[in-house]
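Each structure below appears as structure tokens.
Two complexes are shown next, each including subunit A; its partner changes from subunit B in the first to subunit C in the second.
Right after this comes the complex of A and B.
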């Protein structure tokens, strides 16, 4: 039987490699970004300490606010689009027949595709010269509806949000199906005995039963929407004229296009702060609604 | 009483019982249309990849009149996709192997041993799932630049592993909870050391969990764009998503060529999805809930 000492050796040797890789490449970078966020630095030469200078510059930059607003547009579109569609889909697809399985697989499919490919395909769909969307509208006699979907600053952020929503519905659908299948048959029996069916049952029995799951998906939507980067870099690069800039692309463009490393680090730190704030806010609001 | 009042069988749960046959048909039709709409961009990608450029512009919706494979072969050669494919395979496979090894060892320790820092370590990994990945791009770039790690396979493999470890660890811990400890205790009494138990018993027993972790990790690494975009500059090390994104710049107007390149890039993931879809759907959903 191994002595406690040998166990201790095993614990250290088996846990430390994972812990070290994780801390070095996931946790420590956050500390670095906080640190470099206090400097003005072009990537070469001596970084110059400027305190909260980067942060005050950020708060005065209209592009930062535009990026934040665009991120919030994505959050709202995810909450208004992905969750209801996934919930309705789940209500219709709860039973485990072959037909439902097939539909579920199809709806989940975009999740496994490369975000670059999704961005490029939708870039072509939206293309103002040969894009499928404008072509389809013309075919239907709706020429007046055709748009420069990705370059018109009034609509391009909404256009960008559609592929992101389209590709992310799958997991929410599966989460809701699992939650619906977990409602025990006694509850359905009880509802039937009480004469509840159709809308009434949906409103008073089914939806309250899956409400905690909805809260989870709200948090996921917020976290997911703040992660958006690939699709936008590929479709618009944040342009034209920064109209589709997101926090992540704002950070990327400031760091790697104009080499403001210190500023980019400050934006990175801000992204972490904002996402934690939003998640906390969401938990607070939904908890109050629940209680 | 209960027996007579049980017309609702578990498998009927969630079906619109009150709906007429026509209503049910309409629902199925709507679901089918929605699924077809979800898959359409993908279908369009493949038919466009097999068309000439002229046809692509003239008949964007139609099936190819002349099926051509030359887009695929030209994309393969002109885009150096063979090289990119090798890079993607090397990076993804090594990162998956590292994730599995480090993740399982850590999961085993965290699930079987109680020691002073076990809760802190678990908490740290939970925290890791809340970190928006993109916020680490800039600091990782700065630090890797300092230590000369940019433009190496390791610059992708180590961050990939770090960000996949939390999910790998929690999926494996959940699975280990279902394995009775008596087997390990018996092995201990037989004089097997912890390493022997881990490699000869735990790893083989964990195969189903490892398979799920491996598939999810592979898809994520294979599709990653952000890290590759920032950390890889050398043409010889570009992964598939990176070489695709450059395709759209380099061969701007040769759309069917670009479509060919995209078709090549998504085929492996679609094949993986068709084979492992149950695992992928469950795993990604579990990962999403925890992440």
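Right after this comes the complex of A and C.
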């Protein structure tokens, strides 16, 4: 009895510094932010208490809804893009040959680049006058397909989502490869004895074995897409005319460009609420699948 | 989750951190101040500015600051150069915590007014009155944007001339186009350059203030006149939804519809647009005095092709035609909390870095100033000299975002981007009107 107790005390003591730092720099600011969300405040002078005024203003602001819609576009594109591509990549690249390793590194590469660099590279690719994409299309004789990718409000959100997905495939690929390598060889042997191979084996053996990993990556995808900020701020800054505004850029612009500190705080509180809701929904859906 | 919340509260975290930092320095400073009477004690002076870059002007001002530190051994100077992009944010963050530096760079217009309303600054009239000759040599209107109820809060170090019409004289000659003096001539030039496959006007409006600050302000003033604008800003007898402002936006829309700007003008930045222009890919560029400073690094051969004038007149406009938008720019302001020795040191500092010598040095680093001085033509670029001479012959009208509330400025900035994407002038005008009305009567 004394030993586990003592070690439990030791664990608690060892965790304490990290816990204090976390509470001080993550939890306390969240609470402050929630608190300021109830004020009308320019960042200086006396804050004025307005209750839920910021929240009702937010719900009536079409830009907020557009930002939310854009974030949901990112969530959908991440779930439909990042996870399947990473999974297929992992299935094809589990073996350890030099070619596989090369492709694996190539897929992981964007993860290592700074997001600002990625934003600038894709900004140049999408440039309508000398961008790589339009040049390539004209070379193929597809001039009619060329356009101002980041300016046209009908397509720029999709254009922006491609580099975000591209740069996020790497970590999921690694997670899936690890999961696939964790399937013990006995199971593969058993499948072989039962005569399962190819497609059948993939569907009935491999995928069910990594399904729990897929569920985890779903949560990561949702969280990652809701906090998206840096690629967009570099490529478009949320514009033109708010057409690529995300919740995070909306919060940033309101706080630091328009000096509505109280409103910005309310938006960041809203982001927390929305991500909690989405993650709860995700847990609900996946629990049903497990059952 | 943790990441999202981290992001969500980034603002507040930054605030907490900054509060902690500046809290430290300020407490220390005020305790020092308390002991200021003791002989031999150094007066501690904190200064924030944004002359952090590598351009000639920033270097000039930094050199003057160092000179001040060297010649005032009794002052312990803590001068922080903060990159311009984040400068206003940092300043408003410490303002939120009521921990302002003793002397800081602020901007004439709504910026300094915000600090004044929050009781964070004190006037510098005392200094201005003690140096009468210096005060008298400022250009007319130099203190308009920083004088509130008869008290002046900063002495400008810069002129923010925002709407010169730069044009590539070679391209105009090659394509047989006349430099536009009227709106019709401008539209004819746009058509001619489009036909020749040259972008008529280079515009980099990714940071959406550019079109507003460089083009709309000057254009709208020609249509509406300055009186109307000031009334509309005060929401006193004029509204931004008035037909004359809709008409002004209509002129901007005409330019858009005539393909005067490149298709991706909203996704390239101002520097990229300057590059297009200086490389001869665009025939004109409407831009501010900052372009003079930026282009100073270009070879004199390329600069020679470039000439400078004002935007053309518009038919039946109520405003003066021979004008640019501009006014006093940034200058050093004095924190309310500076008293006694500290205040004296602060005023000395302000004079040292805004006085006649510094003004001349800044002008000779290819930057516009609000101060009467002669520049040595051999020290500046030919283009700067043209601009310097041009400014002596034209009138100055207000820059929109220096007068509008931050929220209204954002509304018109985004509105212009909307216009460029097919929006309607009426809607944009109404949105601007709503935003300005809301910020005056919250």
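In this text, the second predicted complex is superposed on the first by the 274 of 291 C-alpha atoms of A that agree within 3 Å, B and C clash if a C-alpha of one lies under 4 Å from a C-alpha of the other, contacts with A are read in each partner's own complex, and residues count from 1 in each chain.
Everything that follows uses one rule, which is that contacts are C-beta pairs under 8 Å (C-beta built on N, C-alpha and C of every residue); 3 or more make two chains touch, one makes a residue touch a chain.
In this text, all values refer to a predicted model and were calculated from it rather than measured experimentally.
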| item | value |
| --- | --- |
| Partner chain in contact with A:95 - subunit B first, subunit C second, else both or neither | first |
| Touching partner for A:279 - first (subunit B), second (subunit C), both, neither | both |
| Subunit B versus subunit C as contact partner of A:226, first or second or both or neither | both |
| First (subunit B), second (subunit C), both or neither touched by A:257 | second |
| If touched residues of subunit A are counted for subunit B and for subunit C, the larger one | B |
| Touched partner set for A:32, first subunit B, second subunit C, both or neither | both |
| Partner chain(s) touched by A:271 [first = subunit B, second = subunit C, both, neither] | both |
| Subunit B versus subunit C as contact partner of A:240, first or second or both or neither | second |
| Touched partner set for A:248, first subunit B, second subunit C, both or neither | both |
| Touching partner for A:148 - first (subunit B), second (subunit C), both, neither | second |
| Set of subunit A residues, in rising order, touched by both subunit B and subunit C | 25-26, 28-30, 32-33, 36, 43, 123, 223, 226-227, 229, 248, 251-252, 255-256, 261, 264-265, 268-269, 271-272, 275-276, 279 |
| Footprint of subunit A on subunit C - complex, ascending | 1-13, 16, 89, 92-93, 95-96, 98, 114-115, 117-120, 205-208, 262-268, 406-407, 410, 414-415, 417-418, 420-421, 423, 442 |
| For the subunit A and subunit C complex, residues of the former touching the latter | 25-26, 28-30, 32-33, 36, 40-45, 123, 126-129, 147-148, 150-153, 223-224, 226-227, 229, 235-237, 239-243, 248, 251-253, 255-261, 264-265, 268-269, 271-272, 275-276, 279 |
| Footprint of subunit A on subunit B - complex, ascending | 2, 5-18, 27-28, 31-32, 34-36, 38-39, 41-42, 44-45, 56-57, 60-61, 98, 102-103, 105-106, 108-110, 113, 115, 121, 124-125, 127-128, 130-143, 145, 158-159, 161-163, 165-166, 169, 188-189, 191, 193-195, 198, 219, 222-223, 225-226, 229-230, 240-241, 244-245, 248, 255, 258-259, 262, 265-266, 269-270, 272-273, 277, 280-282, 284-285, 288-289, 291 |
| Interface residues, subunit A side, partner subunit B - complex | 1-2, 6-8, 10-11, 14-15, 17-19, 21-30, 32-33, 36, 43, 89, 91-96, 99, 102-118, 120-125, 130, 132, 135, 166, 169-171, 174-175, 178, 180-181, 183, 185, 188-189, 192-193, 197-198, 216, 220, 223, 226-227, 229-230, 233-234, 248, 251-252, 255-256, 261, 264-265, 267-269, 271-272, 275-276, 279 |
